[in-house]
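You will see two complexes here that share chain A, one where it goes with chain B and one where it goes with chain C.
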Partner chain A sequence: MAVASLPHGSSAGHDGVDQLYADTRALRLQGMLLFLVSDCILFSSFIFAYLYMRNSGQGWPPAGISRLDVAFASVNSVVLFGSGATMHYALENWKHNNFGRYALFMLATIVLGIGFLSGQAYEYTNLIFKEHVTWAGSGIFGASFFTLTGMHGFHVSVGVLYLIILFLQSVHGVYTKDKYFGLTAGTLYWHFVDVIWVVLFSIFYLI
Partner chain B sequence: MHIDPAVLERTIAIIGGIIVAIVSAKALKDDWNTPGLDNQVFKLMLGLLFIGAIVAALAGANVLGNFPKAA
Partner chain C sequence: MSATAVHAGGIADHIHPEPQGFVRRYIFSIDHKIIGIQYLITGFVFLILAGMLAEVIRTQLLHANGGFVSPDVYNEVYSMHGSAMVWLVIIPLITGGFGNVIMPLQIGARDVAFPWLNMISFWIFPVAGLMLFSSFLIGAPVAGWTEYPPMSLQAGPGTSMWAAAIFLIGVSSTLTGINFVVTMFQMRAPGMTWTRMPLFCWAQLATAPLLMIATTALAAALAALFIERQFGVPFYDPTKGGSPVMWQHMFWFYSHPAVYIMVLPAFGMISEIIPTFARKPIFGYKLIAFSSMAIALAGFMVWAHHMFTSGLAPYLQLPFMIITFIIAIPTGVKIFSWTATLWGGKIHFTTSMLFAVGFVALFTLGGITGIFLAAVPFDLHVHGTYFVVAHFHYVLVGGSLMGVFAGTYFYFPKMSGRLMNETLGKWHFWLFFIGFNGTFLPQHWLGMLGMPRRVPEYDPQFQFWNDFSSISSYVMTFSILLFFINVLWSLRNGKKSGPNPWGGRTLDWQIPSPPHYYNFKNIPTVYGLPYDFGQPLPYKGLEEELTDSPVHVGAHY
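Moving on to the complex of A and B:
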């Protein structure tokens, strides 16, 4: 595979822009982490509400609703977790000045993210049209399942758009070998949606 | 030859889960000594990714989430 090198901007010198970047990088990182913590609190609130309602009912799933398809969800989970691994290697290759492999891993991450969303759409279609489980018409089960997985799916959709924008920016030379905080933030966000899915997959499909 | 879709899905989940677990464990090992706040968070995320991949593989193998059919 042909290996191209990264675009280099004015990173070598200590001009005003680079100094500004160095001064604000830690603040930007803290801002991104605080955003992820706030998102974590949002998901935690819904997860605890779901677990509370689930445990206060009589049996789970409620009568008339069958268990979710674990086999298909396992495959979809592996697709999302795989995208976390490819995203990690995309950033690593960027750090090591290997644009060709960065592009390959970044595109693989985007494709796997879209694959996960397609899998979720397929699962929603099956649930709604075959099992007749809906958000409003299936009690706590439908409401909590579609709210939490829908919220997560929305995050993944935003993440895919975010990664596409990051990729286009990196192609157009917005980031350099030394200045790539956007890619770091994108990787953090993508890992976050992966980790949230570990919890959602466990509580909806495995317990 | 007819292959049960569930068997195919479970096979993919097991193999994929093991591959992702190995890759994330290797990435975690490679990054273990990297300094910086962002790298500490990455390590935490990679650890959780490893656990998630193992959980998905175990679910594919019917070890987790194996519930009896409703009557």
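Moving on to the complex of A and C:
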């Protein structure tokens, strides 16, 4: 089965947890993955709509709209991808019972996530007030750009809140060295948000 | 991972304390059987409402000049009839309803994987249903159940309500799909390999990814429609750079798989009912199981066959036409397998079996007109006529709804412990069968003659067959009234059924009717297929199920 090869998926009872926890964890892991799949379809549909409109023969970017600022968005992307790396190290340090470094990396992830959101807010402000590109007033360009990046920004915001809650839980001893499914789920979600950004960055800024 | 999905000491050995109090047991229950019955009751209530809308349509069409309701109201009525029947009746009945009641019992599980999520999925559904119907108060949607822009952009505020309600139903469906997939992957009884799983579960397994994936695509389309209507953000309005055809792509990318959401679980129930009443092993178990998956997969690749007249590029028409034809192959495999199961069987014509056999006949007719419609030249001729209406009512009423009735007569004893009345049931079947064919068969030739759908008035030359259709529809509605009388009567007065009135061999029939809240005292071990009639049962560990022995309740966690 596909899930068996994932970290701590179905290796029930072999890593120091009781069978009930192992079973529940296997269910929740698969449920989380399927949730991310369906969430991915939500993004894919809007991405399809954007690409469909983009290629419908009206030229791109539409008349009167300049290309998006790749340089700033690249820096902002590095911030988000960096948070993916720190999230990875946070989970690894948790598994190795290294709470101090776990806390450091976790807080770094949260700060980088907030940094990315601030960058996005700056970019939105620039677009709306300097270049007068708006959600409702700039045709399919504004509609698809603000809807897709807005959806992604919403996911990042939810992710930041999620990570803060996870961090507080771990400080209060909700998770142990062996029982930490919540942290795994948070990591999966955070990586998912990263991967979506790779696609959005490519289709809005690069092509 | 081994074939046995459960381990000693894990969730399979874990029984929660019995829920106490009326509210926890019957309202906000987390028991999959209660939730399934809640889905069935709610779905049947919406069936009555949406059926009344159908009768408004047929009454309007009694006269060529209409006159029963105004054209504006008529638009609202057929739009709401379609939306309600698809999203509030068939999909909830057949996935949330029967899927919840039967699937965990058949795989030998104590509940679904996420019981709380299941409760939330259910409670979204009646709320969304009420939202959908309350859009009548503020100007219901008028552009049909497909709500094509630009009409849906220009219609009254009810269309936004419609989009929000369907979005919520979509959330409910998606959560149910996730729940079912995880349940079937992780919680099958020991020894129940994939190729020993009952065919109803296979059908739910094929449906669940459609619920998860296709429904989310619809959610995106609905969100965009809502945003465009409320905030003026251009997605579909061509005057602002949007594209109405994009809505059609996004809508049908969901709504074509949705027709398989509506029929695959019915296929599953028919695959349980036919071998049980033919007293014969099912013919082609693996073919039936895998053809469900093939239909689900191919169902994602044919959506544009709804759009042959929408300016689809000619080089795209051919592949969509051919893939649509290909779907007929796995469907035909099922039809032939059921026929071969009946062949030489000792057939018991109970009401449930009558509906199952009627299903096979009527679904085949609907499938054949589907092949007609998939052919581009023919489709260009009949697109948007009553031929299309006849086609999809044959697959959705003659198929899905007949499947729901077959399943209700079959599983009613499991849910209530009582049998439904067979005499009333047979009246129900024959009046329904005659009324159904009388209603929709003439619509084929009305469509061929060119009568467009969704019109409140029509050319007087179509009057006779419209009257024939309307009068037959009253017979069909009367038969459904008999069905509801039967359900209510049988709940109090039906004969006690015992655990296994039909001699079924799947796990659900080996435990008391209605089952205990924990389903199984001990999770059984499975040694073979459930369809080998005449052989000993392929299960071990069921000895205590029908006795009064106590059950060990574990700690709550």
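Here, the second predicted complex is superposed on the first by the 187 of 207 C-alpha atoms of A that agree within 3 Å, B and C clash if a C-alpha of one lies under 4 Å from a C-alpha of the other, contacts with A are read in each partner's own complex, and residues count from 1 in each chain.
Here is the rule we use: contacts are C-beta pairs under 8 Å (C-beta built on N, C-alpha and C of every residue); 3 or more make two chains touch, one makes a residue touch a chain.
Remember, it's a predicted structure, so these values are computed and weren't measured experimentally.
Of the two partner chains, neither chain B nor chain C is touched by A:G153. In the superposition on chain A, contact is made by A:Y205 with chain B only, not with chain C. Contacts of A:S77 after superposition: chain B is touched, whereas chain C is not reached. Of the two partner chains, chain B is the only one that A:L188 touches; chain C does not reach it.
Judged by the touch definition given at the top, the superposed model places A:L34 against chain C, while chain B stays out of reach. Contacts of A:G113 after superposition on the shared chain: neither chain B nor chain C is touched. Residues common to the contacts of chain A with chain B and with chain C across the two structures: 26, 30. Listed in rising order, the residues of chain B touching chain A in the complex are 6, 9-10, 12-13, 16-17, 19-20, 23-24, 27, 37-38, 41-42, 45-46, 48-49, 51-53, 55-57, 59-60, 64-67, 70. Those residues of chain A that touch chain B in the shared complex are 26, 29-30, 33, 66-67, 70-75, 77-79, 81-82, 84-85, 88-89, 92, 184, 187-188, 191-192, 194-195, 197-198, 201-202, 205-207. Residues 1, 3-4, 10, 12-13, 18-20, 22-24, 26-27, 30-31, 34-35, 37-39, 41-42, 44-46, 48-49, 52-53, 56, 58, 62, 135-136, 139-143, 146-147 of chain A are the ones touching chain C in the complex. For chain C in complex with chain A, the touching residues are 1, 6-12, 14, 113-114, 117, 174, 177-179, 181-182, 185-187, 212-213, 215-217, 219-221, 224, 227, 231-235, 240-243, 246, 249-250, 253, 557.
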